[in-house]
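You will see two complexes here that share subunit A, one where it goes with subunit B and one where it goes with subunit C.
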Partner chain A sequence: MLALLFILFAGLAVGCAIAVVAQRNPLYCAISLIGVFISLACLYVMLAAPFIAAVQVIVYAGAIMVLVVFVIMLLNVEQEERRRQRLAFLVPAAVILAAVLIAEVAFILSSVQLSPVTPTQNVSDVGLTSSIGTGLFTTYLLPFEITSILLLMAIVGAMTLARQAKMLSPRARVVPGAQILALNVIDPRLPLDDTKALEASTTTEVERLLAIAHDHDSTPRD
Partner chain B sequence: MDWQPILDIAGKFLAITIAFTVVLLIVAYTVLAERRVLGFIQGRLGPNRVGYGGSLQPFADLLKFILKEDIVPDKSTRFVYFLAPVIATMAALMTMIVYPFGPDVNLPFLHTTIHLVIARFDVALLYVLGVTSVGVYGIALAGWSSNNKYSLMGGLRSSAQMISYELALGLSLIGVILQAGTLDLQRIVELQSRWHGAGWFLIWLQPLGFIIYLMSAIAETNRVPFDLPEAETELVAGFHTEYSSMKFALFFLAEYINMFTVSMLATTLFLGGWNVPFAEDIFGRGTFLFGLIGVVGFLLKVCGFLFIYIWLRGTLPRFRFDQLMNFGWKFLLPLALVNIFITATLVFLNVL
Partner chain C sequence: MTPQLSWYLALSAVLFTVGVAGVVIKRNVIAMFMCIELMLNSVNLTFVAFASFFQDVTGQLFVFIVMTVAAAEAAVGLGIIIAIFRNRESLDVDDASILKL
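Up next is the complex of A and B:
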């Protein structure tokens, strides 16, 4: 039963992984990648690590891939064109390296089977939430904190890069949903320069910037 | 031959069939209730012709959905177009297996104990969050594959909105987890059965978390006042503009099942699940009547939540999109963090 399930999920994972590379429509690639993540989560469940499986689905399938799909939809990426391969001489190298990799895996598998059987322990609680939490906040506290700081640095770095490339004005607060108005919309005499922009987050601000007389407040209703 | 594993699997299938049938029936009647209650709020009658007081209206609607012509747009991405409603409905249905519908019941003559929860495992709450987060793809892909600008805008809005409110939703649950010390939903419900079953401690001790959860849950299910993905005054019908017949019905179903499951989670975590005050004193733990009262009480609480959803729809106007984002990121998220901070401090000081 377990072997059957393993073959099912492993096959699904490998199939989806191949589809990620082979598909030329970027959205199909993204969907296949979600398939890979979910089949991996199923494999984690079979390895008695339900917490990792849940986190895998929440973080990778549920958050990161949503962003990827979001960007693909937003930019409306067209189907990738088939180009002539410029680095054709690398193909034999790739084949050789793949063969080496498969040989390594085969060697490891065979040596594992040759080694004496280690007795499996009783049902462990290694994969359960409480044991992972205890481990993270006691034994591995320092690596955990360092990883958090690394993530924070990545966020700050992304913001800095976006500001340096003048994609955002230095004063811009990033509020999703705020409207960015190019300066030459407001004053057509200004040079066409789309790096400068004003930000408005309410309708009244937009009206003020565009100098539209808003008379809907003064006119009496009814 | 050992029949036990086969019997277990058959039992699980039976449980799933019963639970899903009951829930789908309640969902069908939620649609009717919504139309009738909205009619009452707006000073009209609502559907009351089919059956007694409109009681057969859901089935008439279903028949209509099935018999409608199924139109597929020419320029749509067909595979994704067909996949999207399936993902939406499946993700909505899949969370239903972890909720405890009632307490453990000892059957009177068979001398066995049945558990009124389909699957009970360590990370049930995380499973719910994970499956819900996969449900976003149904709407996002539907918007993209329809090849229609209104659908695309609806899909984009919905994915942005759901990513934003998922954070507040997840964080509002952490206060409960901190107090309960477990992610197992049945255990969380059992912890609330003190004070003669009225110790729904999570609404007494987590009022802030409860309010944050309620607001972000409404946003997660794309309901009024957060129904920007299908704002009909701006986007025709949003992400399901190009869907007709049964495929539209699947989206419709998914929305109402999502409402139901979100209400079940709120009941389980904040309103004591199947705990009915004084039921244990009267009937005793584990008896058949106690189980029955528990299940009925649980479903009644869930229906109360569904009524709040309908009430809000009849009362509140729609947000604007930037207001929605500001509300989620600048108000709900900091509030949820404050709630976690306070709860964690109190738990650390052994006050709670």
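Up next is the complex of A and C:
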């Protein structure tokens, strides 16, 4: 029975994985990848890891794939067009190297005794949420904390990468190649106002605006 | 007949190989990204299989950490993809083969 289930879910996973590679439309790739995630979650349940299975569905199939599908639709990706094959002379070399690799794998599989370990039938607490939490907050506290720092870095990095230059603070004065100047930089008599900013597309325009600002500085003295 | 450890390892190896092949074959950045996710998942399957067959929770803890790294990778990777698309109007890796913008 378990073997039948394994064959079912493993076949589903491999089929969906091949579909991920074979599809040309990225959206179909994403849907196939969700199929891989779901079938792997079923395999995790068979391996007595219900918490990991739930996290797999929630985090991978839920959060990460929603993000990927969102980006695919945001960027309006078109299908890959067929292209002339580049580096065609490498195909025979690739076939030979693949044959060597398969021979190596076959040699290793035939020479190494396959693991005789069989699953123990006694009920254990491995895989329960409480045992995972206990391990995570006692023995593996340092990796856990490092992971949280990694997530913080990822948040900051994603925001830095994805934001547009127009969203810079108007208080930013002369950044190299500056495009945005606060109004009170150009005219110091204007009240501080963070909501209005002048925009200049080129450096010369910025210089011109700065020159205006210098003129305003010099006029009262004359 | 119950599934053996070697079955899971073989399935994981097949999934990993498919992922590597996808990274090599695909030219779309997002598709390559998804193939990397596939490779991470195959490694996760190995971890869970060992954790289950050796009755040790450590493997599942590392699956948890790998999932966190995958989430961080998704956030940063998709940010990079959006930045590339904004600069080049294309998601083809051949169009982004030099680091210069």
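Everything that follows uses one rule, which is that the second predicted complex is superposed on the first by the 126 of 222 C-alpha atoms of A that agree within 3 Å, B and C clash if a C-alpha of one lies under 4 Å from a C-alpha of the other, contacts with A are read in each partner's own complex, and residues count from 1 in each chain.
The rule we apply is simple: contacts are C-beta pairs under 8 Å (C-beta built on N, C-alpha and C of every residue); 3 or more make two chains touch, one makes a residue touch a chain.
No experiment lies behind these values; they were computed from the predicted model shown.
Visitor: A:F51 contacts which: subunit B (first), subunit C (second), both, neither?
Guide: In the superposed model, A:F51 contacts both subunit B and subunit C.
Visitor: Which partner, once the models are overlaid, touches more of subunit A's residues, subunit C or subunit B?
Guide: Between subunit B and subunit C, the winner on subunit A residue contacts is C.
Visitor: With the two structures laid over each other on chain A, which partner does A:L2 touch: subunit B (first), subunit C (second), both, or neither?
Guide: In the superposition, A:L2 touches subunit C alone.
Visitor: Taking the superposition as given, does A:G62 touch the first partner, subunit B, the second, subunit C, both, or neither?
Guide: A:G62: touches subunit B, not subunit C.
Visitor: Using the touch definition from the top, say if A:V71 reaches subunit B (first), subunit C (second), both or neither.
Guide: In the superposed model, A:V71 contacts subunit C only, not subunit B.
Visitor: Could you say whether A:A17 touches subunit B, subunit C, both of them, or neither, answering first, second, both or neither?
Guide: second
Visitor: Give one of first, second, both or neither to describe whether A:L141 is in contact with subunit B, with subunit C, with both, or with none.
Guide: neither
Visitor: For A:A103, decide between first (touching subunit B), second (touching subunit C), both and neither.
Guide: Neither partner.
Visitor: Counting only touches as set out at the top, which of subunit B and subunit C does A:I34 meet: first, second, both, neither?
Guide: First partner only, subunit B.
Visitor: Which parts of subunit A are touched by subunit B and by subunit C alike?
Guide: Correct list for subunit A: 51, 55, 63, 67, 72, 74.
Visitor: Sort out for me which residues of subunit C touch subunit A in the complex.
Guide: 1-8, 11, 14-15, 18-19, 21-22, 25-28, 30-31, 33-35, 37-38, 41, 44-45, 48-49, 51-58, 60-61, 63-65, 67-76, 78-83, 85, 91
Visitor: Would you tell me which residues of subunit A are touching subunit C in their complex?
Guide: Touching subunit C from subunit A are residues 2-3, 6, 10, 13-14, 17-18, 20-21, 26, 29-30, 33, 36-37, 40, 43-44, 46-49, 51-52, 55-56, 59-60, 63-64, 67-68, 71-72, 74-75, 77, 80, 83, 114-115, 117-120, 124, 126-127, 131-132, 135-136, 140, 143-144, 147, 150-151, 153-155, 157-162.
Visitor: If we count contacts the way the header does, which residues on subunit A are in touch with subunit B in the complex?
Guide: It is residues 25, 27-28, 31, 34, 38, 41, 50-51, 53-55, 57-58, 61-63, 66-67, 69-70, 72-74, 128-130, 175-179, 201-202 of subunit A that touch subunit B.
Visitor: Under the definition above, what is the set of subunit B residues touching subunit A in their complex?
Guide: Residue positions touching the partner: 77, 79-80, 83, 121-123, 126-127, 129-134, 136-137, 140-141, 143-144, 152, 155-156, 159-160, 162-164, 166, 182-183, 321-326, 329-330.
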